[in-house]
Amino acid sequence: MVWPIDLAILTLVVMVAIGSLMVKDLLGAAILFGAYSFMMCLLWTVMGAVDVAFTEASVGAGVSTVFFVGAVFRTSRRTRD
Amino acid sequence: METIVSIKPLLAVLVSLMVVPILASSRAPNVREAWTFVAAGVKFLIVLSMLPTILKGTEIVYTIAEFVPGAAIQFRVDAFGMLFALVSSSLWIITTAYSIGYMRALKEHSQTRYFVFFAVALSATVGVAFSANLLTMYLFYEMLSFATYPLVTHHQDKEARSSGRKYLLYIVGTSIGLVLPAMLICYNLTGTLEFGKQGFMAGAGASKGLIGLLMVMLVFGFAKAAIMPFHSWLPAAMVAPTPVSALLHAVAVVKVGVFSVVRVITCVFGTNLLLSLDLGTIIVFAASVTILVGSFIALSQDGLKRMLAFSTIAQLSYVVLGVGLLSPKGMTGGMVHIAMHAFGKITLFFCAGAIFVATGKKNMSDMVGIGRRMPITMTAFFIGALSIIGMPPCGGFISKWYLVLGSLQAQQIPVLVVLLFSSLLNAAYFMPFVYRAFFCKPEEAMFENTIKEAPPFCVVPLVVTAIISIILLFYPQPFVRLASMMVQSITGA
Amino acid sequence: MSSQYPALIVVVPLLAGLLVFIAGWVNKKWCFPIAVAALGISAYSSIGLLFRVINEGVIVYKMGGWDPPMGISYYVDHLNGLVLAVVSVVAFLNAIASKRSIEDEFPDNIGAFYALYVLMVTGLLGIVVTGDAFNLYVLLEIAALTGYGLIAMGGGRGSLSALNYLYMGTIGACFYLLGVGYLYIMTGSLNMVDIARILPDLYQSKAVMAAFIICMVGVWIKMAFFPLHAWLPNAYTYAPSASSSLVAPLVTKVMIYVMIRFILTVFTPEYSFNILAVSQPIVWLAVIAIVMGALLALKERNLKKMLTYIIVAEVGYMVGGAWLGNRVGMTGAILHIVNDALMTLCVFMAVGNIVYKVKGADFENLQGLFRKMPFTMGAFVVGAMSMIGVPPTCGFFSKWYLISGAIQAGHYGFMVALVFSSLVNVVLFFRIFEICYYEPFSDHHGHGDEHGHHPEPAMDEAPVTMLVPLFVIAVILVLVGLYTGDIVNQIIDVAIPKGLV
Amino acid sequence: MADIVSTVVDNYNYWIYITLMMIGLYAIIAKNNLVKKIVGMNIFQTAIILFYVSIGVKRGATIPILEHAHGSHGYGVVHAAEYVNPLPHVLMLTAIVVGVATLGVALALAIKVYNEYNTLEEDEILAQIREE
Amino acid sequence: MKIIGLIVAVLTGGLLVYAAGDFPAWSDPASPASTYLSPHFIEKTIEETSVPNIVTAVLADYRGFDTMFETTVIFSAGVAVFLLLRTSGPKTQQTRLYRHQLTGVTVRIKEGAELPPSDNFERIDRFWTPHDLIIKTVCRLLIPFIQLFGLYVIAHGHHSPGGGFQGGVILGASIILLAISHDLRTAIKRVAEKLDAVLCAIGVLIYAGTGALCLLLGLNFLDYKALAPVLHVDSIMARSHGILIVEIGVGVAVMFTMIWIYSNLSSGGKYNQGL
């Protein structure tokens, strides 16, 4: 395992997480959350948890994001925080 | 002490509960009342059938369920319980008859509910009488509190509501707030709640302060005894229909209160413990204050039932006072007074009810000259009053006599003074009324001279109780016998 | 077959949940019989299991035939045998009772509703019966997810309350999961008994302490222990009757079971009470919970909401009792799980009947109920008496043990709180009774009026299918009270480890 | 100094998981928008999954799929040290699925709330409730 | 609220950091987690289940009970979303708009009127957006491959990463992709709501039913060994086959639940107009 990659991804993950909570648009938040899940997926692949990574890629980055988008589509994109 | 196991105590308790479904489901008044009579009769017979056994000195025990060691739901019939059960079950029959007359004459609503809860209340009363331990007593005590609530608030108007609130606040507030914790502390100190002849707290080895605290909590916690300052529910509860006031506030509820207090003093703490710690004084003091203050307030009342209520408050404390003296004669007097006062006071309440049925009057100032219109009722009232004052030829004399002897035995001269002075007060609040009822000038009289009594169902019971009051002077057995047996077993003399 | 009882208890409702759902799409008439039959089998097996445990001792059931630390196993002892029986019986009775109100409120989605209902029971039973810490988490989520669905069916504010419940519930479950992770990283095992075997060497570890605290906090959130209770009242109030009378009696009680399981089995009493030494503050928290629950209940003008605050107070009873750190208090807490489940069911079922008939539980809706629905109110009175703690209803006996425990532990604050809350309950319930009894006021001046003076509201009682289970539970309240001695001696006393005195 | 650095770097995963978790927890409590809260909730859950997966990591080990699996019958002796710990992975598969299930229900509830109040901001909803 | 959140987060974080000091060093092969239970799984999986992917073996066999409930969780989420959102209001609107796909002509159909029998009409409404031909075509081409891959993932879960969940999600995603690239109605034409819902339950039922079958055959719940006489294989291969069966069940359940949840979420429960 290459630890600089690990560290870099870990740091990125935190940044994306904060980003998805800060962005003032729910659709943006949904997409950033997808990115967050994808980063996590990468991280777990690095750690050797291939099955978990696979699931996270399909569930977290895929379907969850679609759910978010669907729900945002049915409600509103507006948010104040 | 010899004991036998028998299901009779349970039957005596259950017999009135068992008719509840029948009462609740029947729509025809005659059927309903017939069943109440049957239940009352059967109950009295069951209680009576145990009397010979008890008089032989044997106790009857029956256990329903034991949930922790030392605290079962258990019945134990001893002399004192027998005394109380005898009084309450015999008076149930008479009150039933009276209720029928009263309720029908006034065309009261919800009579079914009335008879149902009456039956439940009687079950609870006998349950208290036969309880073998503090837990069982608490159980039936609470049952009685809740069963009488619908009776007290029978009229369902605003006044009934506020009185009902007061009633519950005092009765349930004290039992949950004081009795329950005290009972649990006792249990944790001794590991039992079983009534003992010398009191189960005797061997606990608790400090005087703790014992005193527990005693105060228990004595005042059974607030149905109406010891001041927990007395004011009683006048409030007089909004109930008169038969309820009669049975419940002359016999069942208040007597359950004093019965419980007596049990606490004799069987929880024991006379020896209280004597050695000199804690009887507290009780005697509280009781004396209640007697005097209650009598004075009764003196100032105009409402007949309210006057009787304050008289009850004072009279109840005689019982507590007698037992609080911790002398054998005093205790006997206190116990006997439960019976004597019951018959006397129920007569008075019946009379008040009969007057109300016949004339619709509640206040004494409106009843001048009533003796001319209702001679039988007022004669009975006079006899009842004599019994309460403690004058011959009525049963009340016997208990007063024992109380006076007891105070001498305990060398408590102040108590003697209190007793005599309060008797004077009793006379002071009863006699003027009786006098004006019979002997007022014709121009003062508010009623015409024609005799017009209440319906026979009302009059007969009060005549019966009045006669019993007189008979009790000449034949006070078995009450005195039972009381002295109990006192003997307590003091071991 | 009786050796398969542990599996049947959970598997039968699970299969039934799926079948009910399919039946909902095919023919709605089949839903109710399938659901009730499954819950009945479940109740039957759990009672059978309880008697087997009493006679034979602990029963271990290996899922998939794998030995415990490897695979998942069910571990039935006296403690969860008792809770299992209560949970399944409560669910069974409520299923029968709520048939009419479900048909009334959700005529289109009966199948889906019953599916969630039965699956929730599956989850709760599974939580109680499982011996694997992680398996418990999964089942917790089943119970929670189905619960959100059932609660949000109420519409109106129901969805917002359910969403808040979901946030809190997820935090709670995640905390629990994290705590299990901490235990796993320190011990390498997930089986509760196995963890308990390994842990004593690690009692000084900070991570183990953190695991304990995190698990506890998670469970407290789920059971609505006082400062964490905010989600509960609204969620239960705005839920439909059929859901609230399932969720209210069971969820908090099952979570208390989990807490006690952790205190007693996973961590020993020695660790929980002596090494950690946090009993005092927790009991004081419980005192605050009881007092605040009682006070908040006083403020409410809606029967259902008032009852939910009483639940908050009751949670305080059980947490406090469990943390008194003595045998009597623990007995009281376990006994109160049983009693509180039963009496909450009783009052909530009665409220269900009332809502079914008068379409509301605000105080104004309750006027004249004693005449309109005498039988329902009769059962309600029994439930209320039990909540107040009047003997011989069962509520008194658990209170007895709790107060005894407080006295033994010398914790008089807890004793005062219990007595205080009983008194407040008297006020609360008699306020209800007064409204149902007196109002609307009739002027009753002049006693000579003829009998028909009162404008007597016609009797308008709930259907028999709702009344019979209500009566059954009311009778059970008294019976359990009378058999308290047997329950304590034969079951609870054995369930508590000898080390706790 | 080198010690501290190495401790920090070695346990970097733990620190990051705690950071993420706290970000999520803070978002659930403090965010005003219901969907943002749901995002926070998912971050919170994922952080725990990260923690579990970190437990399973083993120095010098490979993914938990036995090698030479295709076609041959003899696997020889398998050494536990060669493969990372599979158990946390299994648990976390479950946790991910639970997470997505919760997400679905949460979003459905959010849509219902939106239909009721026409907004997703919690303070605006509470203001509407108070007005009723 | 923000301050409370901050305090809670800091407190919890503090506790966690404090406790993390006691953890075994990261990636330490000698940590309890790595030395206590997991070696058994790694070393015995082949012997006992004949499945090289240890995660699959543990997931579906050793801890198969967890996985069954995990599937149930997904299923109950589906039911919950359905119950919460699905509204079965009046289906027919007053007037409907249809577009003839070849010419682009819009037709207004009033209540009671019938559309000419042709496949070339497409219903349009408030949420209708003109679709991009390229996206549509590419997705339509892609979807079969996605589904094939999904099937592969389920079937090959014994030997490579993957299994019922991943495969099920991918299969579900293929239909969701169809719904996104075309519209929800097109997807519903392929997977009707009733079929969808029933198949969710059947997926879980396959799993739980397999367990119950083992129970009926005389062994404990989910003990696939019991299937050996039915499948005519030895007990170890029976475990391997049992795992495959339940993975298929998981796949079915997850696939259809995902579609179901998506349809409800994206149409707000109206089920006729989607994202």
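As written, the chains take the letters A, B, C, D and E, and residue 1 is the first residue of each chain.
As a working rule, a contact is a pair of C-beta atoms (placed from the backbone, for glycine too) under 8 Å apart; a residue touches a chain by one contact, two chains touch by 3 or more.
Being a predicted model, the structure only gives us computed values, none of them experimental.
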Distance in touch steps, counted as few as possible, from subunit B out to subunit D: 2
Closest chain to global C-alpha mean, per-chain Cα centroids: C
Centroid-based (C-alpha) most distant chain relative to subunit A: B
Chain pair, C-D or D-E, that carries the greater number of C-beta contacts: D-E
Most remote chain, CA-based centroid, reference being subunit D: B
Chain centre separation (subunit A, subunit B; CA means) in Å: 78
Mean-CA-position distance for subunit C and subunit A (Å): 38
Whole-Å gap between the CA centroids of subunit C and subunit E: 32
Separation of mean Cα positions, subunit E and subunit A [Å, integer]: 19
Of all residues in subunit B, the ones touching two or more other chains: none
Residues of subunit A engaged with two or more neighbouring chains: 50-51, 55, 59, 63, 67, 70-71, 74
Where subunit D touches two or more other chains, by residue: 12-13, 19, 21, 23, 25, 27-28, 32, 54-57, 61, 63-65, 87-89, 91, 93-94, 97-98, 100-102, 104-105, 107-112
All pairs of touching chains, each written as two labels joined by a dash: A-D, A-E, B-C, C-D, C-E, D-E
Touching residues on subunit E, where the partner in the complex is subunit A: 53, 55-56, 161-163, 165-166, 169-170, 172-173, 176, 180, 258, 261-262, 265-268, 274-275
List of subunit D residues in touch with subunit A within their complex: 9, 12-13, 16, 19-20, 23-24, 27, 31-33, 35-36, 39-40, 42-43, 46, 49-50, 53-54, 56-57, 61-65, 84, 88-89, 92-93, 96-97, 99-100, 103-104, 107-108, 110-111, 114, 119-121
In the complex with subunit D, residue positions of subunit A that touch it: 1, 3, 6-7, 10-11, 13-14, 17-18, 20-21, 26, 29-30, 33, 36-37, 40, 43-44, 47-52, 55-56, 59-60, 63-64, 67-68, 70-72, 74-76, 78-81
Subunit E-facing residues of subunit D, complex: 10-15, 18-19, 21-23, 25-30, 32, 54-61, 63-66, 69-70, 75, 78-83, 85-91, 93-94, 97-98, 100-102, 104-105, 107-109, 111-112, 115
Subunit C to subunit E touching residues, read off their complex: 4, 7, 11, 14-15, 17-19, 21-22, 25, 61-66, 69-72, 108-109, 112-113, 115-116, 119, 122-123, 126, 132, 134-135, 138-139, 141-142, 145-146, 148-149, 152-153, 159, 182, 184-190, 198, 205-211, 213-214
